[in-house]
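We just call them A, B, C and D in the order they show up, numbering each chain from 1.
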Amino acid sequence: MHIHLDSTTPIYIQIAEWLQHEIIANRLQADEKVYSQYQLAELFNINPATAGKGLTILLEEQLLYKKRGLGMFVATDAKDRILSKRRNEILTKMAQEIVLEAQRLLVSDEELLALIQKTQEELK
Amino acid sequence: MTNATVLLLSLLITILLLTLVFFIVRKVSNKTKNFWTLKRLSIGITAYIAVGLFALLYLSLFANSSIQVLSKSELKKIEKNIEPIQKYDQEYNSSFLTDNYKKKTWEFDFLGGTLPVTINNGNEDSSLNIRHLYNDNIPAGKAIVSYYQFPAIIDGIDISDKIPLPNVYMSQNQLWIEALSRHEVNYHRIKASIGILDFNREEDFDDDYPSSIFYLSSNFIVIETPNGTDIEDSQGVIQYLR
Amino acid sequence: MNVIQCEKLSKKFGRLHALQDITCTINGEKIIGVIGRNGAGKSTLLTIIAGFLKPTNGYCQVFNENPFNNIQAAANSILIDDQLSFSDYLSLEEILKMGADFYPNWQNELAYRLLHYANIDLSVKHQQLSKGQMATFNLVYGLVSRCALTILDEPMNGMDEAIRTDFYRAILKEYIAFPRTILIASHHLQEMESILEEILLIDEGTVVTHASVDELKEQLIALSGPSDRMKSLLSETDVYAQQIVGGVSTAIVDASKLFITEEMLRTKGITKSALTASEICRYLTNHKGSDIDAIFD
Amino acid sequence: MQSLTNMSFKTIIKKQVKWKAKLYSSALSSLIILQVIFGALLFSSGSGSSGHGRGNLNVQFSIYSLDTFLFITVFWAFITAILFTTKAYRMDDLSIISSRTSSAIANILVLILYSFFAVLIMLASYYIQILGLMLMEKDTFIIDKLLISPSIFILCICSICLFSAIGLLFGYCFQGPSIIKIASIVLLAIGIISPIIFPESVNLQPFIQLPDLMLSGFYIIVSILCFTLCIWIADKSEVSRK
């Protein structure tokens, strides 16, 4: 993955998203040590403070936990929580955007549903 | 213009010249900067000082100048020795003419009872001290001309050897004495001190010990003729001694 | 302990006010970008911090001491800019030796490796280097000295694209290896934005904003939508720039003064988008009437 | 917070002096070149001469004293000290740990050190010249004083030091705050004009009459005064990079 500097999303959120992505993809297992802020900084060529901010977001959401002096580890239920959160938040938000765009383009509800179904079939 | 302004101006010109040379040197040394690394520079400087030290060593070991600078006491002694000369000369006393100071002798034959002498001073600065002395031991028709040189000291250096001898010769039964034309002697004196300071300080204490002893009568030409032989001195410069 | 503290700092050069009332505090080991346009006063501020110049008014403290002509401040800070010069008689290798002699935290081996990487021959002299090589060498000199306060004034001037990217990464890695306060003045915010923690934005001799990069990025947003709907919205907030093309107007506005939810915007058909840090800096330092188009009207 | 480096002022001065003494050694090499040029120009005439005319003999003494070399060295010291305060040298100080004060002190120490080396170079030039003279003019070579006396040696160092101090002060005055700049220009103008208007006011005679060591002491006091002023000005000066 590459950090997009000119993306509208702040870098620290991109970092948090990347870590979540790694957890979902099982590249970071439960109770496994995650990258330190310095490792992340070197990995993505970003300021360690920015990387730390990304980690803090996950820490606040309790997807990570801290062991004093050892670093941060993936919470046991992290993957499940991320998945459910994604379902709730991200999908809802994306649905909203699709619906708004459909309205703007004067696409009827039936047409929109059909499009979603069709896309689902294609990507299966 | 006062003396001080002249001095100031000449100083200014010297400084300007020095500045010019200094900056040319800097420009040139900037051009050769790549060659002159720090190491080479320090080697160069050390070598130069070492050469200077070697020069000093060599000089102090092997430099023996043929010309000696007379010390104060030697000067005093010489002064004492030659002081009476003037007095004797004024009293027509020939006893100061010792063989020590005799530099050269000429012997001439001539005809007749009188010897005409012509003296050519060359230029006016040089004056020859010519004396006449009767000598019983000389046969008739003979004349002996002797040149006496007494010590002549300038700035502690005895230059009596350098004083040019006159030209003495017989021609047409006449004795000719000719002073040589102006003669210049150059000396190179090494004084490892600061000249300006020495120069300005000197006058204070050197009055008692003059470093120069040079009397006008430091050299004599003595013409000896047998008794009864006269000298024809048309110019009237010859004195008689007893 | 504050690394740098400036209080109502001002500097005049004759009649020119280079700095006016600069007040800022920098603490902790951070990489801070000092951003501003040409002539904004970046270099003057940095030279005051480095102890080269004396403030006309106010004070500046570095490590709780007045840096002006202060040997302790000098021992703990280094200013790297394109005026950095070395004796004509030193090769680069000897310069490194000299640096090692002076700076106690000097990393000679790292210097060798970095210069080797940048293809710089150590046997040449400093003034024989090309502009880019000289900048690279100076930057390396500044980095390996590991001074607690490293001030880099336009460190990448003259370097080519590839080496710039490499050396931004080198700065970051050196910072991680040996955390210290690094001030980087530049007008190329875009390329170094990611390694910065904070940005000190200076314009016309005053501090416009001093914030973390993320905070800065949230200060301004771009809104675009139908002109008629935008008009009422824009009257409530500070508009930094506006452009109308065929009934759609795009405006840069102060985010903190925009009291409207995202849903509201969406229903009005107005889209919100973020700006890059460098764009934000540009808009924040845009002066009234400084629109280039205005000149040609 | 990482711990700050704590270096004593003395250590930094020591390091600065060490590097500056090395880096500025080209100044010494330009002194050598200057002396070689002037030594060659004045090889046959020496630094002074005195003539004595006696009769038809003209005695010319070419005196080889330290004057010429000392004059060049003193001039060199003045210019070198000014150059030390110029941009090229000042800028180099900024790339190492330094403050204006430490740089000024280091410059002063380097100048004092160089005064010593300059005297050595001066003496080296002198003895090399004398050696050449001895080899070429063996017959007219007079040694009055070959070895330099310790008091003259000290006096030479002190005079070089004095002129470098004046030069350095001169340089710093023009780098310093504008008030000092203006004040120094006014003082300099008075210093140049007054001896032209009142030449008799310049009377160095009493100074020259002082013994060498007292004169040296006087030079040292003036040098210290100049150096202190330099440090004081440097302490107040901003870095000028123009």
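Miscellaneous remarks
By our rule, a residue touches a chain if its C-beta (ideal position, glycine included) is under 8 Å from a C-beta of that chain, and two chains touch if they have at least 3 such contacts.
A quick note: this is a predicted structure, and the numbers were derived from the prediction, not measured.
Chain pairs A-C and B-C differ in how many C-beta pairs are in contact, and the one with more is A-C. Located most centrally within the structure is D, per distance between chain CA means and the overall CA mean.
Distance between subunit A and subunit C, defined via averaged C-alpha coordinates, is recorded as 31 Å. Mean C-alpha position of subunit B lies 84 Å from that of subunit C.
Averaged C-alpha coordinates put the centre of subunit A at 75 Å from the centre of subunit D.
The distance from the centre of subunit A to the centre of subunit B, each centre being the mean of the chain's C-alpha atoms, comes to 111 Å. Among the residues of subunit B, those touching two or more other chains are numbered 36, 38, 41.
Multi-chain contact residues of subunit C (touching two or more other chains) are listed as 89-90.
For subunit D, residues touching at least two other chains, in rising order: 23, 26.
Taken together, the touching pairs give a contact graph of some other shape, not a line, ring, star or complete one. Chain pairs that touch, as defined above: A-C, B-C, B-D, C-D. Of all residues in subunit D, only 22-23, 25-26, 28-30, 32-34, 37-38, 46-48, 50, 52-67, 70-72, 75-76, 79, 117, 120-121, 123-128, 130-131, 133-134, 137-149, 152, 155-156, 195-196, 199-200, 202, 205, 208-209, 212 touch subunit B in the complex they form. Residues 3, 5-6, 8-12, 38, 41-42, 44-50, 53, 96, 100, 104 of subunit A are the ones touching subunit C in the complex. Taken in their complex, subunit B has these residues touching subunit C: 30, 33-34, 36-38, 41.
Within the complex formed with subunit A, the residues of subunit C that make contact are 30-31, 168-169, 172-173, 175-176, 190, 193-197, 212-214, 217-218, 266, 269, 273-274, 276.
Those residues of subunit C that touch subunit D in the complex are listed here as 1, 28-29, 47, 51-54, 63, 69-72, 74-76, 79, 83-87, 89-90, 98-99, 101-105, 141, 147-148, 178-180.
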